[in-house]
Each structure stands twice: as C-alpha cells, then as structure tokens.
Amino acid sequence: MGNGVSIKAGIVGGAGYTGGELLRLLTNHPNVEIAFVHSKSQAGKPVYEVHKDLLGDTELYFKDTLQEDVDVLFLCVGHGEAKKFVEAEKLPVSIRIIDLSQDYRWNESIREATVEASGRTFVYGLPELQREEIKQAQNIANPGCFATAIQLALLPLAEQNQLQQEIHISGITGSTGAGQSLSATSHYSWRDGNISNYKVLQHQHLNEIRRTLAGMQQDDLAEINFVPYRGPFTRGILCTSYLNSTLSIEEAEQMYKSYFRSHPFVTIADSIPDLKQVTNTNKCLLYLEKHDDKLVITSLIDNLLKGASGQAVQNMNLMFGLEETAGLKLKASAF
Amino acid sequence: MGNGVSIKAGIVGGAGYTGGELLRLLTNHPNVEIAFVHSKSQAGKPVYEVHKDLLGDTELYFKDTLQEDVDVLFLCVGHGEAKKFVEAEKLPVSIRIIDLSQDYRWNESIREATVEASGRTFVYGLPELQREEIKQAQNIANPGCFATAIQLALLPLAEQNQLQQEIHISGITGSTGAGQSLSATSHYSWRDGNISNYKVLQHQHLNEIRRTLAGMQQDDLAEINFVPYRGPFTRGILCTSYLNSTLSIEEAEQMYKSYFRSHPFVTIADSIPDLKQVTNTNKCLLYLEKHDDKLVITSLIDNLLKGASGQAVQNMNLMFGLEETAGLKLKASAF
Amino acid sequence: MGNGVSIKAGIVGGAGYTGGELLRLLTNHPNVEIAFVHSKSQAGKPVYEVHKDLLGDTELYFKDTLQEDVDVLFLCVGHGEAKKFVEAEKLPVSIRIIDLSQDYRWNESIREATVEASGRTFVYGLPELQREEIKQAQNIANPGCFATAIQLALLPLAEQNQLQQEIHISGITGSTGAGQSLSATSHYSWRDGNISNYKVLQHQHLNEIRRTLAGMQQDDLAEINFVPYRGPFTRGILCTSYLNSTLSIEEAEQMYKSYFRSHPFVTIADSIPDLKQVTNTNKCLLYLEKHDDKLVITSLIDNLLKGASGQAVQNMNLMFGLEETAGLKLKASAF
Amino acid sequence: MGNGVSIKAGIVGGAGYTGGELLRLLTNHPNVEIAFVHSKSQAGKPVYEVHKDLLGDTELYFKDTLQEDVDVLFLCVGHGEAKKFVEAEKLPVSIRIIDLSQDYRWNESIREATVEASGRTFVYGLPELQREEIKQAQNIANPGCFATAIQLALLPLAEQNQLQQEIHISGITGSTGAGQSLSATSHYSWRDGNISNYKVLQHQHLNEIRRTLAGMQQDDLAEINFVPYRGPFTRGILCTSYLNSTLSIEEAEQMYKSYFRSHPFVTIADSIPDLKQVTNTNKCLLYLEKHDDKLVITSLIDNLLKGASGQAVQNMNLMFGLEETAGLKLKASAF
C-alpha cells in the first residue's frame, strides 16, 4: 500500500451514478478500504447487481445500516437528501464528510467558499481554487459538474480581476449528468441523434459559480450568461466561455499556465481539444483563443470524474495527506 | 385526391410509437382522412404534444371516445389489449380492423395464415405472402417486426420446399422496437455504445414465422434458431439467416427475384446492404450469398414501417383497392 | 401530376451529400423529371451505387456530359467549383440555376440580397426573407445551413429594427454538414460520443447572415458572436441566440407569429423543442424565451433539407409557380 | 515500483489504435519504462499530438529509429508488416517480441499453438489457453479480437472434447476494430445508427480459432460458422455461440467455472451481460444458457484491451514474472 496510509471509507447512496463511479475508483485506490456501501433501495443486493461492470471486482453488498468506524463518508444522495441525512444521523464530527450534492455548496449571505450548516463547516471542494483549505477541511461540499468546468475556465481571470465584461457561456453535457432516473429525455429513442437546450440562462450551478468568482475578484463580477445543452453522448462536458478582454492571447496563456502550474489535473492545450481527450479521466483541458476583442476559453471535463466522483476522491486525497493523484491516474477511454 | 377514394380512419392507442408512426403516414396519405385518434392516457391533449414532430401538421386531439363512422380502425395498443378492446367494444363488423398487436397473428391449432376469433376473421397481413387474401380481408393481423424481416428472407425457399435443413438466424433491432416504455434497457446512458442479446432461441415471433413457413412448405419445416440483439440505434432491423442448401447462388437469386417480382417494396440487392438503405422507408432489402454448402440471406427493414405501421398502411391500401404504394413513397433518411 | 406543370431538372455534382438529398426529393416530386445527374467522379455508375438507399427507386446513371434541354440546373458542387462551372460552361441563360454552394451568396460591396456575377443575377434564396424576389428570379444562391437557422431566428427582429444589442449565438451541427469527405473529424471512432467547437467567432456563414440582417435593419447592425459545435449525430442544426431586448415575451411572440404567418415551413413552438422534431423534414421550429433583459430564440432545422436541398426545392417550387410545399411534405424520422 | 522489476519496452507502429492503447496502458504500468515509440508516419511529433488524450501524460516523441537496449518490443504494425519488420531488422533474439498482427498466429501445417518463423518461435498468446507456455516464451503472437472472444467462449468445451456438433456464432464489433484508416464504412455519417454484416462465414480469424480448438479437442473439430457484424459503437465485441450439447446447464457452468478458476480476467456471469460491463477493461465475461438441446455461450470483451493491447500487456506480465494483472486493473467506463 502506497505510503502506508489506509483510509476506511463509507458510501451513502451507493446505487446511483456518482456512487457507482466512486466505487469504481475506490475499489482500485491504493489507500482506501471500502467499509460499507449504504443504499435504501438496493439493500441486501450485491453491489455488482446494480453496477454490473463491478462483477468480479467486489464482493460488497448494499446495506441499510451505517457504520461509525470509518474515516470518511461520501454522500452520493440527491439534492436535499444530503442535508436531511446529516441532520438526522448526527454522526461523530470526527468522521469527515464529502458531500456530492449541492446542499452545502453555497449560501446567499456569504462570499467565502465555506458554508456553516448542520453543525459542521463545509469547505467548497474545488482544489484548483483552495487546495490548502481543503487539506485542513473536516467536511467538503463537492462542486457541481458544469460549475467545475466553468470555474476552471474562469478562475485565473477572476484572480487577476479580469472578469469586468459580460461573460457568455455555452456548454454541452452527456446523459449521465442527469442521473439514472428514467424520464422522457433519458429515453434512448428520444436522445439518440438529438440535441436540446434547457434552463437557458437559468441553470442552478450559476449560484456556486458566481459565489466563487465574486469571492476572488476585486471589482464587482460581471454578468454571466449560460446556455446549457443536452447532447447525445453519455460522459463529459464541454464549455465555451468568452468575454471582451484587453489581454493579448500571450498574456492570457501566461496567466493560465501560471495559475494552474502546480495543479496536476489541469492542462492548457495548444490545439483545439475535443471531449474524448478527457473522457474517463479526472483531467480538465483548457484552450484559449483571442478573436478581435474577445477572449475565448474552452474547458472540458468528464462530468462523473472531475465533475463529481473523481473530484471527491481528489478532495479525499488532499484531506488525508495523500498524493493528490492517488487512485486517479485513469486510462482514458479515448474512443 | 389520388384516384378519388377517401377512407375514414380511426386510430386506437395513438399515443405509442406505432400509433405515432401511423399518424405520420396517414397525415400525408392522399386517400385518408383521420377521423379520430383514441388514447386513454393522453385524451384531451393535442396530438403534437405527444408526437412533437407533428407540430404544425395536425390539429387533432386525442380522444377517449370512439366514433363508428369510420371505414377502418387501426389498433395500436399493447399485446393482449387489442383482443380485450375488440371483444369489449363490439364494433359493427363493417368497420375493418387492422391490428398491430400479436393478438390475432397465429393460433396453435392451424396452419393457415388466418385466425378466427372475437367474432371476426383475421388475415395475416404480410402482402408478400398473401396479397389476394388481404385484398378480400375484413380484418388484418399485422405481422411482427422481426417476423416480417425473417419471413421475407425465407418465403421463396418455403414456397419451393427448400427449408429442409436447420435454419440459423441472428438479428439486431433498434430501440423503438421496445416501444416507449421507460426501463433500464431503454435508458440512454445504458444503451448508447452498448449491445446485448435477449430471448436467445426463444423469441416470441418464432410462432408466427413457423406457422407461415410450415403452411407454405410441403415437407416438414426444419428447426429455426434465432438469436436477437438489442443495438444502439433507434430504427431498423437487420437479420442474417443461413442454412445448408443444394441451390447454387444463381438458382437462389433467380428464385428470389421471381418470387418478389410483383412486390414493390422488396428488392434483391446486388452488393452487401446496410441498414440505413431502408431506414425511414417501407422497403425490405434482401441479399443472397453462397459459401460452400451454406446459403445466406440478409434481410433489412425499418421496424416501425415495413415492420409495423408502414405495413399496416400497405395492408389498408390493398383492402381498399388503392395503389399498394399509396402514401408510402417515403424519403429515406439515409444518414 | 399535380397541377400539370412538369419541370426538367439536371443535377451537377450529384454524388455528394446535397446531391443525394436532392435526388431523394426530386425522385418523389410530383412535378419534376430528372433529366440527368452529372458527376465527374462517379460517371458511368448507377446512381444507387453511390446513394444506396435509392436502390429500387431510380434507374438513373451518373453522366459526365451536360444536357441543355432542362428547365433548371441544381449545382451541388463544392465551394468555388460552382462559379468555375458556371463561367466555363456558358449555359443558355434560359436555364435557371440553383446553386447550393456559397459562391454567389454575398458580395462585400452590397447590402442587397442579390449578387451579379458570371453574367447572371443570383437572388439569395431564403424564401422567408424575399419570397416575391425568388418567384421572379432566374438564378438562386441557396443559403448555408447555419445561415438559414440563424437568419430565421433573427429576421423578425431585424425587420423591426430590434437588433440593437450585441447578439450571442451557439449552435450545434450534425456530421452531414461537413459532407462526405473522409477526415479525422469525420471518423466514426473519433466523432461518436465526442463534441468539439470549431471556427469559434469566425464561421464563414457570418458573412451572409450579416449582409441579410444589415440589409433589413434600419439602424446599424449589432455585433454577432457565434460559437459552432460539431455534435455526435448525423442530421440537423440547433441554435440558441440571445440579446438584450426591451420587448416583452408576448410582444416578441406576436412579432414572430406575424412575420412567419404565411410561411408554411416555419412554426413557433409553445414548448422547448428538440432537434428530432425537424429531422428529415423541411421545417424550421422557433422557440422564444425571455429571462430578465435577455430575449432568447432557439431555432432548429435539418441541415440537409431546410439547410440545403429541401430549401433548394422550395426555391424551385417558387420559381416555377408551384405550391411552395410541393414534394416537401416529408415524414419526420422522429427517432 | 511494484515488485522491483523494471522492464524497458519499445513500441513499433505506435501511431495506430493498438499502439495508442498500449501507450495508455504502459504509461501507467508500475513496472514498465517506455524506451521509445517508433512510427514512420509520425516521426518527430510528440506522442500527444496523435493520441490526444495523452496530453499531459507523456513527453515522448515518435521516432523513426530503433533502440536495441530494450527488454521487449511490441509490434503494432499492420498485418504483413510485422513479418517484414522482423525479417528486415534482425534484432537480437534476446529482445522479446510481442506481435499484435496476425503474421505469426497460425500455420496451416501444425496443430500446436506455436509458430516457428523468421528465426524465432512465436507462442500463441492466449493466457487462458496456455499460460505456462507464455511464461517461458521468447516471442508472442497476440490473438485477434474476435478470435479471443470466440476462443474464450469455447475453450472449456474443446478441452472436454465437447465440440462434436456444428457450431453457430454471431458477433458484433465496434468501429475501433477496423483501425484508424479512413474509409466509407468508418465515416461517421454512414456508421452512426447503422448496422451491416461482412465476411459472413468467411472471417479470417476462423483460422486461429480452428487451430486452437482442433489442437485441444480429442475428436475432430465440428464445423464453425461465424456471422460478424459492424455495430454503431466504438469499443467492444459481443459474441453468441451455440451448438447441440448433451451437457446440462449445471454441468456446463461447472465445467466453465472450473476451467477459468485461476484466470483473473474471465468471469462467468449469473445474469445476461451487456457489452459495457467490459468496455475499457481487460475482462472477458461469459454467460451460459441451455434451451432444449442447445447450449448457448455469450462472450464479451473490449476489442482494444483483452482483444489486443491489454492482452499484449497480460502476456508481457507473464513473460517477465509479474503479477498477471499488473497495470491492468482498469476502471470500466460503464457508460
């Protein structure tokens, strides 16, 4: 085992998409032992009956009881359910919590990327924003998928007070972003070969994005417009952001490379990237262009990894003093 | 209007996939007036709210009452529901019925492709099997999708008593074959990029296939093995059938061309075909190969058209003395 | 034959995607006889060897010679090739030309949607912009696919001098938009499950879009920003456009409905549309939203139909005094 | 580093699909150092310019020269090219070769799964067939993708002399099986939503399959019929094999479980599997059914991993005394 650290982890809501992806990661993580996987709906079944690709990889069963002999608890339940769970269970505060829902991501009254609630302090878990705070954190609010892709595209500009002009963003997400619930727009016959927009200019992730960027930027944050699309693919998010900027392309690239220098999962591409460069990895690719007055930033992540469960593991690694990339050097699917 | 014939049609179960496809066809059919569209679940809604591509094409609303002033009634309800409907409603026998379910397709006790039930006589509606009987029919049992693709592949052999050796078939169907119900295997995140077999050697369409072929063939029918697959596409069926045969490829091609000469929707291809040659059309393509002792027949149809609603319209055309292709000269989607 | 008009049509460049789609349309058009299909690369082959879905539908062969006994010539050759062809062949001006390339779409020096070149006058063929001019035209420059989707989204605003504020557009196109040439980004293994942007803020269709809108609008046209994406599907374009506007949603809807009232292929949707509502049809759907100060317009077309060959036939219909929708009442593929 | 072993590896033909997949694996393999990546076509370029997902993961460049200071050489060149390379380069026999082409897979004159050619002895590299021979091998002929899926489905039966009756197989492969060459059938616009069969009853992998099975089975091998399909997905192979058998389902399952007990990558599923259970892993899933007299075996692999580069690494692990699974515990993409 890596550097001798062994972490006992529990997963709550292990039967959903982010729970499954977390299981795929933790099963192979060199420093983690999965103590239990909690699921109300699937209790009693082998994990591989729900996450069928894990057949042969794990003998775990879903349980409907919690164990308190764990170091960290991942909450993979739905929005609203995480807060209810934390407040009902009153777990010892010594158990660290990494919540993948939006329940502790932001708070209207504050600009700081930390939320006090339910008797705990939740640090917003975007390592490229505040790695040191995460290392010290007891609890993590893991960012949303679109929120991750968009913040990573804009963080260096916010830090340099460069978000002065209205920002325009379009982004496309794969079907796993909507979870495993059955619905008309998750039906294969509908979604294959199809495209649609939704929540135009009204996506819920704008809250956490604005909070982060406003908290970093000295002057008032410019308006952010976001057009999200549903695409006919399963994994990944690609966003294109642009704004008027006086920065030259060289200045911008320098600013981005400098900002992300120490961050192992972010790379500035030197040619137009495509989504499958990041699919099935914890990477974020960024690409910069300048056309007339407009600075354009393309950002790409895998929504289930850097946009959810991969980032949760990255946060765990930081909280427990492990290598940030432990268990996250994933083979891209590439095709 | 075409040759002056005007048919008043009603649709029962108009909110499902075959009902929608029938509406797409009948809306443009030169000799049909849609009198009503019945749907229990969607009654009161405009048709275009359910079949959204019909926005701008029809002002019809779903109704939960029937009208008896129609010439023909299409039953697009689920298996089992059609028979219940016919027996409960006791419609005048002057109203012709075209049933797209499997309820009247076959009967264990008989070899003829006609079923007496519910006070009516249902002719099995495969025009390439028995066009003259269909022209005289009062009621039609419209064939299943896989059953259509497989029967068209084997009819000329059965007619010539050539199905003497065990027959091996594999076939792949698109997602619309499973209808619009939501299920784990209809979820986009599951089905995209995926493949699986199901009901191996046990598909329910084998009943109607065996009945037809046994009815045509002089000697006993050989065993038929069928491996069906679910494929990651929405429309279409491709089947590959093979058996030991003493026919040369030239004899076989001659036999097939002769059999289908007068049938406008079946073409014998002269190079390996692909599914999108038939997608969104009422066509069936057949392709023959001979390798050593094996005769191989590839057959392709669109499951919603030649495999369901298109064939239903073809049957209607024949029953009412119209050109067989009326309303069915459809532009292939091709891509 | 419909109203007794019979048009003899020739197709140049018939082996490509738009040529094939035109053949699919004209083969079923009630008033058209296809006189010849020209293709340098495929001369001598049956048409169905290249456009395989046409097997059984046409006995035509590709030719490498032109016939002058035609009423209209469709040019489906590449950008740059159309102008070369027109200037080299010196066809009688009595033969009408409908050019699907961009060669005669715009001219930097003029604001009018008409280009004088190569000894002919080309009218920009967007019927919803200038139907009367098209009816009188001898030659048509058929619009680009993205250009069609974007102009239809903005025409009513331009006419009312409402394009006063910077316009922001993102749009996604299917693979057929890039034609049939083989390239890394047309490889299935690359494109499936993938997404990428390209020509960000620099798409070539902006020229014709700006010319049209500037020509309609009384005041100077605001800046137009356009982010195009390649999506993992074959057919269709969806665009989302927004700008600051003082119009209420009711005023905007009224303006759009009034503008398009007499145009049979454009419908204002009353709920969020999806691409497959227009796939395989000549329709354009528009959907309007207002969020705070922003007016949002979603527009959808099939790039090969309303964005290319379907619009070419629509223009032909107008030029020859036919019903505008003749041969264009297409069954949607829907799935 | 794992158990202290460090292997220097070279890759010839590193710019293709199997070369790229090998690079993805070896970059993360705990016991391998990639000494060089050879490519004639891409020499001088960074590896990440061709395999773009490797951006940030490797600083290697493609070279057009070979180094002899390596322990093992992977040949990822085309069929026919591998043999030419081996015979032209006359590398020291101390350098082990793992050839992913078909050049050394079989030889008509022999039943043993070993080929003597080009001055070397090539052991057929199917670990579930002959792990001990592979451990001792100097050179490996890595099996074909369909050949792997089909042999794993039939090995236990051959070993028990149970392949007495004609065998019927259908199988579907993703697009990466055809490599990265551009062709009509690799064009996205063609392949998306499409299906076709090819080389029906004539696939080239039948040679190596028959050789292996005939070599294991005591009695003469029964005839093998194989219908391959191209499917609209990128990765993976699913095969369904059946034959008449007197084995009960319990006997068959027992036979398979016993055969594969010690093989870490093969699992006998207890419910119908789907392709994405193995996508992006080195696993093979098998599933058994019995219907009347027919025993049915479904087998699934990822064609680029267990069907090519993953199996090559598995062979390398065995040859160098490493854990068989080293570097091959891959996170499934699952979606």
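In order of appearance the chains are A, B, C and D, and numbering begins at 1 in each one.
Keep in mind that, in the parts below, contacts are C-beta pairs under 8 Å (C-beta built on N, C-alpha and C of every residue); 3 or more make two chains touch, one makes a residue touch a chain.
Being a predicted model, the structure only gives us computed values, none of them experimental.
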{"item": "Candidate from A-D, C-D or A-C with the same interface as B-D, over half of contact pairs in common", "value": "A-C"}
{"item": "Chain located farthest away, centre of chain C as origin (C-alpha)", "value": "D"}
{"item": "Of A-B and B-C, pair with higher C-beta contact tally", "value": "B-C"}
{"item": "Distance between the centres, which are taken as Cα means, of chain C and chain A, whole angstrom", "value": "40"}
{"item": "Interchain centroid distance [CA atoms averaged], chain B/chain C, Å", "value": "35"}
{"item": "Centre distance in Å when chain A and chain B are each reduced to the mean of their C-alpha atoms", "value": "47"}
{"item": "Residues of chain B touching at least two other chains", "value": "17, 174-176, 189-190, 192-193, 232-235, 273-274, 276, 279, 335"}
{"item": "Contact set on chain A toward chain D in their complex", "value": "17, 20-21, 24-25, 28, 49, 51-56, 174-176, 192-193, 234-235, 267, 269, 271, 273-274, 276-281, 283, 285, 304, 329-335"}
{"item": "Partner chain A, residues of chain C touching it in the complex", "value": "168, 170, 172, 174, 189-190, 192-198, 200-202, 225, 227, 229, 231-236, 238, 240, 242, 272-276, 279, 289, 291-292, 294, 296, 298, 335"}
{"item": "In the complex with chain C, residue positions of chain D that touch it", "value": "17, 175-176, 180, 182-184, 186-193, 232-234"}
